[in-house]
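Two complexes are shown next, each including subunit A; its partner changes from subunit B in the first to subunit C in the second.
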Partner chain A sequence: MATNKYLSSTCTIAKNAVNKNGITLFKNPGTDITAFLLSVYQHFHFNYPKFYKMDNLGKLGWLTAEILLKDDFERFNYEPEEIGVVLTNSNSSLDNDLKYFDTISDIPSPSVFVYTLPNIVIGEICIRNNFKGEHAFFIQEKFDAAFIAQQVNYLLDNDILQACICGWADVLGQDYKATLFLVEKKKNEQALLFSPENIDSIFNTI
Partner chain B sequence: MSQSVYVAGVGVISAIGNNVTEHLAAFERGEAGMAEITLLNTIHRHKLPVAEVKLTDEELIAVTGPTTHNSRTALLSLVAAREALNDAAIPNLKELRTGFVSANSVGGMDKSEDFFVEFLADNSKGKLKNVFDHECGSMTEIVADQLGITDFMTTISTACSSSANAIFYAARLIKNNMLDVAVAGGVDALTKFTLNGFNTLMILDKEFCKPFDEHREGLNLGEGAGYVVLVSDKVAKTLTNPAYCKLSGYNNSNDAYHQTASSPEGTGSYMAMKGALAKSGLQPADISYINLHGTGTQNNDSAEGTAVKRLFDPNYPPVSSTKSFTGHTLGASGGIEAVFSVLSIKHGLIYPNLRFKTRISDLPFEPETKYLKGQDIKHVMSNSFGFGGNCTSLIFSAV
Partner chain C sequence: MSKISEHDVFVVADNILSPLGKTTTENFEQLKNGVSGVKQHNNANLSPIPFYASLFDENARFLQSGEGYTKFEQLLIASIADALIDSGIDPKEKKTVLIISSTKGNISLLETEENNPALQQRIAMPASAKLVAEYFGFQNQSIIISNACISGVMSIITGMRLLKAGQYENVVIAGADVISKFIVSGFQSFQALSPAVCRPFDKSRDGLNLGEGAATIILSTQKKFEGSIKVKGGSVSNDANHISGPSRTGAGLAQAVKQAMSDAGLAVADIDFISAHGTATVYNDEMEASALALSGLQSVPLNSLKGYYGHTLGAAGLIESIVFIQSLKENLVIPTLGFAENGVTSEVNVCTSPLQIDAVNFIKTASGFGGCNAAVIIGK
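Here is the complex of A and B:
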């Protein structure tokens, strides 16, 4: 049954800044993407050695999810199977595919190869958080709020999930942007309604 | 209404044979299917052994008749699925609700790889027809058309556990009275993409693979297809030949640990085996034989071995990996090994684990190395574990 869903929190990492729920938490202008993502990791004192092995899409998505869920997610309200992830982007894993292609002429790198799929970033988020619900990754020309809302509403309305992390995570070279939304059925104090209009407006703010 | 699901027919093609009879003979002779690459056009020829089906695409077409897209994947699938359906010889098949649940992981990629050679050289060249059926689902549709199956079809692609998942999904469709008959299993052809990919992961053995050996150095890729025909209680009663066995248990679990590796404790494999036992209502001591996933990689065999130890210690049933014969056929392996499990029950067979010499130091058990026949086989467990931690166990039981 269709009920209202709410944006318990949102997080965007883009343009060398981290923004959560409309507030800029960290800035590091003038650094390239690799140095910037590392500085985010260090700024928030994350301790997850696997981070260093990830490709840039993995790092970007993982960091955005960490900051999205930090302090704002009562994961113990849910079973692992009740939490899912729906992500989209326009460049798939092309950023890493090109890096992998460069290694082929020498010795193809197994550690680069395993990131040559876009949905690996979902795996990184799920492994970190022990999420075991449905997940999907869609490649689209641009951020499509109506499409994401349709997918997530279906999963929540049919009780396939009780909470869903959704949004956009895209990297190609020095261009990157991730915006993730935590969607739940219960309303926190300042939570906005989960609607195509609201997520589109949040996505386009930064 | 929950009901039993019976296996009424089997069909298989792999490097060791083009049908069930040839497979049984190859097992008895202890003859592995790996060899130097002869058919796949790759830079790894003369360097890496693979287990190729010994028929060229043209020879396969001569057997199957031409299809709308002569991908090797579709051709192999058609050979084995047709054998299974003929073997089942179900009376009045046309009046029953019949489905085709087929798994694969490469789709029509063998033809796409040919296309790209021409296309990359000149963007106006290359036959688009060769990429039209690139995706996995196309293979299922082509073969379903050829088999005349129209009631239901679907494709499952979950890496190396694909066709085990197809079989148990088909069983659930029958149990829930949505189908009367299902041809279920899977197929994969060798492609450059998979050979190069596994080579990149550094898990291909340059010699013939040695599953469950302390000195194992990786897997050999193979190709083929394996299908079982599953039928409901009601259809089983109408069969001319008695059903082979029942599919009594199944489970899919995920250890959510790494993209291409199992957790060292084998959590996913342990949960899959334990879940399948629970579903069948059996105890570990009831299992007569385990057809291991047993790829021959360091990671799989130690994780699977640890999981078997956790569940079965101290009383181990005979275990072996038939990938020592067929190579690792990826999306087809669960279907091919399901056929072997069914034949194990039917003929009282335990298959030898070829080239085994030294027990894995951390494990208190070792695989069976002899071909044994006339055994009393009541329940066979078949393991299929895939990348992404996707682990499935099936249990077949004598009736």
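Here is the complex of A and C:
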């Protein structure tokens, strides 16, 4: 049954800043991507040693999900199988593919090779949060709000999921942007409706 | 005649383009004769040491005029073109969409071209999708799925759902991957490659073989296809356990299998056969056997086709599903090449000789890096 769904929270990490629900929580201008992502991790006092071995796409997606869910997600309302992740980007894992390719002529590195798949960032988010539901990684030329809404609506309307983290996470060199949305069927106080227009507008604000 | 719901999803046409043949029929004939595409290769461009894989001949041509298209794109185009012949599906129709499944797309270009921003744009999969879509005149934005080794099965599930939701009437699903040094070296670094033809579920299994290939499945909800084989249900799950190791319990895959059966409205007794992922790595096959036991499917006959095709990555779920669709049509199940003695702790019923079977439904499973699992049910 099609019912309304709501954006319980949103988070964007881009342009050396972290923005959650429209509020800038942290800025660190002038740093390169690696230093910036580390500074985000430190600023929020995260303690998750696996973070250090992730590639930049993994770090970006993991941090965005972590801040998205922080204080705003009553995960115990759901079974692990009821929570899913739908992500999109345009460059797949190319940022890390280039790094892996550089190791081939010397000794190919299994720990770098494992990140040569875009859906590994979904795996990282699922491991961290014990999310076991449906997930998918789509490659798209640009952020496609209508497509994401269609996919997520199907999963929630058919009760395949009850909550879904969805959005965009893309890294290539120093260019990066992640915008994630927490979509639920229940409406929190100020939650916006989950609609293509609303997620497109939030994505394009930053 | 049973009542047809407007959301029945029919399999209209398919193609397998592999080292074994250029059409589904050619491929199935080779499988019936027990022919494997897996051979030893001694090619310094791919690996400093000899390795076993199922690869296209270096001089193989896929299109009359392939100019402007990479090998990856040529494989997709050739496979889609064959599937479209006499299918009754017009790619230019507004209610038709293209789905592409691949793990690494054009990544092999890194090995032959100079790395610069233009090359990086050429490698990005939307560039390939655009070229393939333009070749056939697809009107809608193509959908690209890159979700490790479950990409092929996930693309069938995604296509089925788009049709069930009434978003489109026809879906053309094509998958391909090209084996390059990038991929071979990565699997070697994981010590995941077998030094011979792989042996799924066998006691002496020692790793997988890689394989090249492309495949296409065309699905439709149009009433004119009534009576065709149907995609009945599917599901995807995540182990939430480890990014490169399968779960020890198989609970994640079991969840996908159970959900797929529930989505299809079917019970264990309705599943006649399992088309397993069966990569022949120690851990995958062990996990898969546990998952099948947890799902109550331990005595259902099963096969793995990795001994014929190797692991064709983003094409695997499609190739292996199409072989089974052919099995449903010919009432003949292809045995598991390389299996001799059960080497997993849970009970499995591995098919070792050609099996005449009047099957109605089969389930295709897949699992991959990132803790992903998928299952789809296809049947009469």
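In this section, the second predicted complex is superposed on the first by the 206 of 206 C-alpha atoms of A that agree within 3 Å, B and C clash if a C-alpha of one lies under 4 Å from a C-alpha of the other, contacts with A are read in each partner's own complex, and residues count from 1 in each chain.
The definition used in the following text is that contacts are C-beta pairs under 8 Å (C-beta built on N, C-alpha and C of every residue); 3 or more make two chains touch, one makes a residue touch a chain.
Values in this document were obtained by computation on a predicted structure and should not be read as measured data.
Partners subunit B and subunit C, brought together by superposition on subunit A, clash.
Looking at the shared chain after the overlay, A:Gly123 reaches both subunit B and subunit C.
Legend: residue contacts after superposition of the two complexes on their common chain; A:Gly22 is shown touching neither subunit B nor subunit C. When both complexes are overlaid on chain A, the residue A:Phe113 reaches subunit B and subunit C alike.
In the superposition on chain A, contact is made by A:Asp97 with subunit C only, not with subunit B. By the document's definition of touching, of the two partners only subunit C reaches A:Glu81; subunit B does not.
A simple residue count on subunit A separates subunit B from subunit C, and the partner touching more is C. By the touch criterion stated above, A:Ala136 is placed in contact with subunit C alone, subunit B being left untouched.
In this superposition on chain A, the options for subunit C are 97-105, 115-123, 133-141 or 313-321, and subunit B clashes with just 313-321. Looking at subunit A, you'll find residues 108-110, 113-114, 120, 123, 126-127, 130, 132 touch subunit B in one structure and subunit C in the other.
The residues of subunit A lying in touch with subunit B in their complex are 108-110, 113-115, 120, 123, 126-127, 130, 132.
Of all the residues in subunit C, the ones that touch subunit A in their complex are 103-105, 107, 110-111, 115, 120, 123-126, 129-130, 141, 143-148, 154, 158, 161-162, 165, 167, 181-182, 185-186, 188-190, 235-244, 252, 255, 259, 368-372. Subunit B contributes residues 196-197, 199-202, 254, 256-260, 388 to its touches with subunit A in the complex.
By the touch criterion stated above, subunit A contacts subunit C in their complex at residues 80-81, 85, 90-92, 94, 97-98, 100-101, 104, 107-110, 113-114, 116-120, 122-124, 126-127, 129-141, 144, 147, 150-151, 154, 160, 172.
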